[in-house]
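In this document, chain identifiers A, B, C and D correspond to the written order of the chains, with residue numbering beginning at 1 in each.
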């Protein structure tokens, strides 16, 4: 055995950018997710190297085989991989799996103009040995990212004031509710739940929560009338990134009653401003318990 | 000498993704452009390989030395490199240089709120031997990409019609000129001129031509009143990508009288739609002569 | 009708970055390709704008429906879309479709260690009206990109010479065939065929042609003995990018006897050098007829 | 004042992807870094929105002005911005600045073949009010990323064993030290120090530490003899990612005696494998005190 004095343990050794088709069984259909994985285990100071070929073998066994036997979800695949990593790397105490996949849902502004919209799914799992002979504890994360639209509430007010110089009718009470011009942007919002063992949630619900928090979701197919309807809707729900994020957190606090308070929530929203070359961002992290407490005031 | 029967000539052999700081002297200042180069020469069937180390040496000599002796422009550097490539690769008949750099200009909606806005510069050069002993012919390209804003003219009309149901005042003549809500987007427009030998143009002029063709340029610093002014301006110049591109071509036809008809113009505009997850694009290529002819009708 | 004097025709107006799951029936299985589309039509000077919503509707009809009725290939989907574009945009004379998809094949250095390897597929189609009432002509392109490995032949020689100073045994005839150290790199090679109407080829064949032209294909799962075997194989087939490209062209010239001479071949290979921070590239374009002629010498 | 019951505080509201030229004075020269900033402050529940225009104004004042008065370093600029953020956003308790810049150093395998090599610099700062009237505490981070080369030690051994079947001379003692073929890769290593207030370190030193930990640094210009020398050097220092990371941590523990034990060290190394399509990674985080303790054993 090699001398290990002065040798560092390492938190993570593994493979990244390994792409695989993952077949997932949803309630109503079977879908194949083109998925990008990073998997790793820790390396104790007593060991020179991690046996990296085991990672690729294990991913092949678990992921490639979903063609024949689909898994229930991206995060379920992550959990299975995180467990297997500790089995195949007996020297490791912890394992991590991070996955990112493109995902499609049939959506539309009206039933007859539904088509596939693209989203991003995020799955992750962390496994840890509890003592040298104890069972393995595994936690999982599930996340989603959805692109929607925002309309700025501030420019709406200042534009109304500026235009009222030229069009005094805008000061009439009858026109107070007229949606006013402002700037709109493509908004990209991400929501991730770190779940305690046993807790479950559907990625599709996360996507719905995100889209409900933007000024409007967006759709591939819009006829002229649909476009007007979406524009009016967005301008009647003008939102700063701060508003998108707070509305998201409020929904999270109230719409997931089955999730325990110990669920940890991470959210980030990015607006690709039309009036600037840069983006505007807001982010927050808190336990679901904290969010519920604030929300209940 | 190796047998070359059945060996293919190759159009291009070279290096790509080679990054260098290029120092350029502008009218009023010296700037350093972080530049990405691809340079290549052709390879005749009589030769097994291209001497690639010469490319890196030559780039070091020409580009690294601009720290001491700045060049007048990105495209001037490309021309110098394209000439040197044929000197260093005596077996080659043609050489190509493609460069892309980030560029900054001080701009502002008003003088006192100017700051650096970021753009992309594109430079290129092609050199060719005219016979085995003749002189080398070199052409150059100069291009720029600028991000601005567009407002959709179509949704503006349909939104007005839809809102007029609820707000009949919108049908009053006095309110016909009131800018109406629509959707806005970040618009990215590229303009490139392939110049015959001897012709010259300033990259800053291309950026001005692009920005004048969008619904509005965008700025880093906008106070509340500025934002209203920019939003109103954009909504008073609503444009489809088709309009951005045609306005751009019209300006190109009229604003560059010194450039010869043989200048070749390539333009592409991309709107990152706020109401869709995908982009809308328009592109066109034509000689400046053709554009002038159409424009003159 | 609006006045059109002085209005420019535009070569392309359409949508880009529209992502869809495309279901394709292969000989032995059904696969879903996460595909990125750009589709466009030309716009005559007589028309103010292109009806962009038709593009999204048509993509939904053709692509989304492959969930139920898979298409035979990515390029077949492109052809169907290019035809439909001219039907839905009666004012257009030409239409273009460009698609890019991630693709997986089960591959392995030995049968028992096969797993999914990732590749890129490229499909395209161009449609054109032949006269105002004539039939529509459609051409298609099919391409693939594969990542493999190269070993540099030049450093192999110079390293042998340098090491022979220290290890004179290397000059013995018995050790002349000993594979010598050099530098290896990740190599990314793309091959595209522009096919005349009626011609057909399988994307999997293109991937095989590419991988046979690199120093070695690469695999996800390699046990220690496999790794040695692959390293030896790559060092016994050392190749410059020039060699990869020429070997590729030679194979193309001989291995596709069913394709007509008018097939146009485009190839580019990029080595992500381990000894430099930049890449080395080679590219060539020629008709299959020209390649066959050179190859036959 | 608006009611704030039930309104969430937010950890971060700001701007991202804002690009600026930052002029920095180094010991021997003045350089302009093309820099990408993300800046943000927290938002208390008592406030509806963050005043985002102040961020752009402040960046313009601090960064744009370095054209005239260069700052000593990227991280010094981050610290100045983090302080100014709390001055301009009096409602905020914390501010964060993250910056990423391309950076060039003149390097060469020999003095006469030096040229600019490209690196990435990472700077960051966090500021926090200590009580409502107390002074502001600021910490800074400084990091660098460098691309080099690794040679795999494992394949070297297995290749030797496999080749010894065919070339028994390899078993001679005289040839034991002959560098053996293996696979090489482009390696990308990042090192970041989170510094307590008052501590200082030079980015150039971090780059030297990284390059010394790889099998070999890489250079733009290599003549044939240089290439052989670099290949031999890399094969005489074969390293797994685990070795690169541990060597890096060992150097960090011994080569920065002026930095306090409370300095926090974050390191990640990625090898873009030539024998796989995916990457191999290793990462670790620890206080400098911990690293010194392990290293001293």
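For the reader, a short list of remarks on this structure follows.
Definition applied: a residue touches a chain if its C-beta (ideal position, glycine included) is under 8 Å from a C-beta of that chain, and two chains touch if they have at least 3 such contacts.
Remember, predicted model here, so these are calculated numbers, not experimental data.
Among the remaining chains, those touching subunit B and also subunit C are A, D. Relative orientation of subunit A with respect to subunit D corresponds to a rotation of 180°, obtained by superposing CA atoms and rounded to a multiple of 5.
When you average the Cα atoms of each chain and compare centres, the chain farthest from subunit D turns out to be C. In this assembly, the C-alpha centroid of subunit A lies 27 Å from the C-alpha centroid of subunit D.
Centre-to-centre, using mean CA coordinates, subunit B is 32 Å away from subunit D. Taking each chain's centre as the mean of its C-alpha atoms, subunit A lies 35 Å from subunit B.
Multi-chain contact residues of subunit C, defined as those touching 2 or more other chains: 18-19, 56, 118, 154, 220, 222, 224, 276-278. Contact residues of subunit A toward subunit B in the complex are 117-118, 147, 149, 152, 154-155, 158-159, 161-163, 167, 169-170, 172, 174-175, 177-186, 216, 218-220, 222, 224-225, 227-232, 234-235, 272-278.
Touching subunit B in their complex are the following residues of subunit C: 5-19, 38, 40, 43, 45, 48-50, 52, 56, 154, 240-243, 245-246, 249-250, 270, 276-285, 291, 294-297.
Interface residues of subunit D facing subunit B in the complex, by the touch rule stated above, are 18-21, 29, 31-32, 34, 53, 56-57, 59-60, 63-64, 67, 102, 104, 106, 113-116, 118, 220-224.
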